[in-house]
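The two complexes that follow have chain A in common; it is paired with chain B in the first and with chain C in the second.
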Partner chain A sequence: MIDYLQTHAITIMMVVVLMLAAISAMVLIGALYSRWILNVTKRNRGRKKEKLSECVIQFISGDIEVDEVQQIIHVEEDYRILLEIINDLSSKIDGPEKERIADLLEMEPIKNYYTSRFYSKNRLEQAKACLYFARQKSFHYSFLPKVLEYTAVDYPMLSYAAAMAVIVHGNEDQKRKALKNQLLNEDLSDQAINDLFVEYQNISDGELKEEVDIIMGFLKENSYSPARTALLIKTLGELNYHESAEFLVQKFLSIPAEQEYPDVPRTLINYMPVFATSENEEEILNRIHTDYSVSTFSSVREACAKAMGMFMKDVSKPILMWMLYDKDFYVRFYAAKSLVQFPGVELSSIKPEDMEDKMWNELVGEVEMANEQIY
Partner chain B sequence: MSKERILLVEDEEMTARLILYRLKGLGYDVEHVKDGVSGLEKIKTTKPDLVVLDVMLPGISGFEILQDLEEDEDFDLSLIKVIMLTSKSRAEDVSRGFGLGAMEYVPKPFKMDEFILRLKRVLKS
Partner chain C sequence: MDLFLKILLYINVFVFIYFVFVNVSYITLLYFSYVQTKRSRKESKIFRLSGLFDSRLYKSISILAPAYNEEESIIESTRALLNLEFTDYEVIVVNDGSKDETLAKLIDNFKLKKIDRYIPNELNCEPIKAVYGSRHYPNLFVVDKENGRKADALNAGINVSRKDLICAVDSDTLLEPTVLQQMLMAFVANPNTVAVGGVVRVANGCTFNLGEVQKVNTPKTHIARIQAVEYLRSFLFGRTGWDYFDSLLIISGAFGVFDRESVIKVGGYLHDTVGEDMELVVRLHRYYRDRDEKYRIRFLPEPVCWTEVPESWSVLGRQRNRWQRGLADTLWRHRKMMLNPKYGSLGMLAMPFFLMVELLSPIIELSGYVLLAVSLYLGAINVQFALLFFTAAVLLGMILSVLSVMLEELTFRRYDRMRDVLILILYAFLENFGYRQIHAWWRLKGLIDFLKGNKSWGEMTRSKGTFSS
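Presenting the complex of A and B:
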């Protein structure tokens, strides 16, 4: 064997080298071919997207009908491109053009595309299907029970998408249940919850009362985390609906002074200057002065400083002066900012005696700059 | 009657396509650029009758374009009408746009019919 190898060493080496060269050549050809295929696919996709984009623009402008759009769509990839175009446009336009886009989504192949994804085991595909249902005009209500189930899953994208679909197509009880499930899902962001409430309001044709009632109902349950409760209070506050004013004031006056988290008192305090009346103002201010301006949470003390600047009652001045000594910069800042709202109060005249000049000058500088930036 | 020349400075493809299609259909002479730097250059060289200017652009923003034009001593910004187009509609941004010389501010999502009405009104003014 060794003799054979020695005798034919050169031949064996040449064979090995040739084999390696052949393998390398195959790999190179394979790579070049793959790259070529990718480029061709990309070019074709680009051309298709160009053609479909023009078509969609003509369609939403009312110059052609759905059939003419459908004539240039042949394979599943074409539908994916179409959906990309639709998604891109949907967020940028409104009115009749947006309605026309919704008509495109009713094409049978698109419906079938999403129905198959709804029944897949992949949560993300299910979520995409639910988002499609939320935009659909002719939604098949047989899907609704399953969609409602999905609002309770842990996967935030799916629960959110399903909730969106229920808010668009469900009855009031179903909408309420879907929203409740999102409020209980701590993995869902505040922005997502906000989007759902915005959609709820849009579907209610701008009828604030329905949204106010549903939020007040959630708050009365006392079932949610402090962060979620604060979000509900903020959403209710921003609606600025008269019926919710008394509710929020009563909530503020009744919650225990000691709280484990600052979210709820801070958010309530922010809205007290908006919702206070001459009858309850004194009681509200009293609570702010005695219970919350001494809170262990700086964010609550900060909210108090801001609120006192909006109430503008002389009785708050000593509290605000005392807050100039607060260990937190923003509490001191808003106390100073609120104090100078009072007639006759100049920043130069309220410097605490034992505060360092540097610290005071920094505070004054920030307050003056903040005042200049108000439009 | 010569066609009014409009320059569209917008990086979002489909939004640009839609606006171009509709404006060309109405008989306007429309040009389109996709970024702030090209937009600024085009405004200075071609001096269009109207600029539809997106705020959020690659390169420099719509605000920065207007700022540059305002500070350019060789360029009279008052000769150009500007409509700002943007997804940002905070009061401070609207104020800033008007302060820099914009005549209209169209927040996205927008209705095409309303956009066209505003555009025609600005062109007439």
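Presenting the complex of A and C:
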């Protein structure tokens, strides 16, 4: 073999070079040809897009119907362009116009295209089909069991997309199940779950009650990780709905003082000043003072210092003064910031005697800046 | 003499085998990068970030822009950073002891005033002299510190930052407006993501207006055109390909987003290296793999930032010398990972590749040229064979470069005109004559400098106002 290679080295090399030269020529011609083709396609596409855009705008205005739009669509590429226009416009318009543009998604070829994707073996394609279903008005309910099944898969993109479709088309139980699957999926980020809640709210026409109920239901189950539970509390807190007030307060009052993770108490404390009433205020403050202002987690102590400033009760003052000695800067900062909210309390009057000047100046600077809202 | 000729022959055979190995690796990488690019593009359309501008439940970002003697471009680049389309972010410009008017210009233009901001000492850095803030730009902070080089400035920026993610950028780069949203997608798609890199493209020759790219053109100078081809090759098929194998070793210092806590956990940027960007990424890999913790380091081919590349041979030479030293330093520091199955494809595939193909290639390539000449002179190899081999090398190099240009054509198509594509193809061919050899020489020198313990940064000069309208 070696002898053969040695004897024929030049011939072999010549063949290799010729092959490479041929490939180079092909690649070169290919690059130029592809650019030419792309340019031609771009031009044609541009023209087609212009025409279709006009057509879609006429459709939105009610001047023409779906069939008339369909008449100017001839090849698969036209549908892609149409989808692009729909996607683009959907993000810019709202209300009845958005509703109307969704009718275009019901065109048979578009439906068939996504149906075939839904049944493909590729999870990403299935996810894209589910996202299409989520945008459809006349969703074919025979797909729903399978979509619901997909909400439980580990692949986060598919489970997310499927949950999105279920939120739009499913009944309350199905929605709950789909969301629950997402909450249990550790490979899905909090941010993605937040997206689902945003969608949930959108389809409820801004009515918060359904969303509040579903989140409270999840929280009552007590079966999610501390991070997920905190996310649920945060989402509920952000909704700022009166019916969740009592629930969150009771949740806060009932959790054990000793927690393995800071997420849940910290998040609950953050919302207590918003949801407390004159009846339960004292009890809440009592827990903050006795159980949480001494927490081993600095983020929990920080939340306490913040909350005490919002409650602004004299009873908190000594605790806040004591928190000025905390080892964590942010606890000291929020304690100082809260203290200066109290009438008659000046920053200069609360300086702990043994605090270094540099440390104190830093604290004062931050509090002053926060009050000036320089951030 | 016979023995010498025999040794020469064996060395030539080794060079030949090496050549085949390198090119097969590149072709494989190119194939997987194509697959990965397609996949990434599809994935990027799944998550919606529907509540991004309404709620504070998404991750926030601190942009860190170290600046050293950047008076010419600092105002424009800072303004561009302040105009990004993102809801919760802050811009922290770190003036790393500039000797020019960088700080004064910033203070004057953005009406900055000194503020007392608490700076936790989470990462070591040179003393911070002052932090400036502005009522007019509430999300802009300027840190004035003693000079300590880029890694030190970034560590100072991390200490000052208060957001979930940090985005390290060079002050001579320009981010596209939606880039942070695109980068955030990686953190939305996978909660275990700790770092994401994006594409860096050559800004020279392009037209910019109000911090946005208006027209993408190929650069005007030969040296920048060659670099445009290099950047396409490096980002579109190098890094994307490694992302496929979940073994990305480099996130460019010019543009990368990191989970702040993770960076602090591993100790931040290393001071005594000139390859701090690569070193940090490898350290993150090592940290998580050592602890068997779930993590992901990604490269996304869609988010783009534009950077000004050197247009002088001496500056480019210094830059490549530094990159080579950085690579050598990182591979040496983390040699434990090399061919260690514990680190999976990273230890078994990516690190050996970087050692053999990226680090040692200048030695092998340049020795190849010398030995070829000696062998020809002594008649150890056939002239015809040598010429054919050289032709094959040039052709293969060109095919790979043209394919990366084609990959750009088939996917992102930033270069709009046929003329630009022709220029890129031409330079993919021309770089093999002269530039490739000089480049190998710079890298060899970098390797020698590394062995000598040289850790200097080398002076970089910027052209004036690449991003001006």
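Going forward, the second predicted complex is superposed on the first by the 336 of 375 C-alpha atoms of A that agree within 3 Å, B and C clash if a C-alpha of one lies under 4 Å from a C-alpha of the other, contacts with A are read in each partner's own complex, and residues count from 1 in each chain.
Note that in this section a residue touches a chain if its C-beta (ideal position, glycine included) is under 8 Å from a C-beta of that chain, and two chains touch if they have at least 3 such contacts.
Source: prediction; values computed, not measured.
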{"item": "First, second, both or neither for A:235, with chain B first and chain C second", "value": "second"}
{"item": "Which superposed partner A:257 touches (first chain B, second chain C, both, neither)", "value": "neither"}
{"item": "Touching partner for A:93 - first (chain B), second (chain C), both, neither", "value": "first"}
{"item": "Chain B versus chain C as contact partner of A:66, first or second or both or neither", "value": "neither"}
{"item": "Touched partner set for A:57, first chain B, second chain C, both or neither", "value": "first"}
{"item": "First (chain B), second (chain C), both or neither touched by A:29", "value": "neither"}
{"item": "Chain B versus chain C as contact partner of A:85, first or second or both or neither", "value": "first"}
{"item": "Overlapping contact positions on chain A, where the chain C interface meets the chain B interface", "value": "375"}
{"item": "Chain B contact footprint on chain A (complex, rising order)", "value": "53-54, 56-58, 60-61, 85, 88-89, 91-98, 375"}
{"item": "Contact set on chain B toward chain A in their complex", "value": "12-15, 17-18, 21-22, 25, 87, 91-92, 95, 108-114"}
{"item": "Touching residues on chain A, where the partner in the complex is chain C", "value": "9-10, 13-14, 16-17, 20-21, 23-24, 27-28, 30-32, 34-36, 38-39, 124, 127-128, 131, 156-157, 160-161, 186-192, 194-195, 197-199, 202, 231, 234-235, 238, 329, 333, 361-366, 368-369, 372-375"}
{"item": "Chain C - residues contacting chain A, complex", "value": "39, 42-43, 45-51, 54-55, 57-59, 115-118, 120, 133-135, 138, 184, 187-192, 382, 384-385, 388-389, 391-392, 395-396, 398-399, 402-403, 405-406, 409-410, 413, 418, 421-422, 425"}
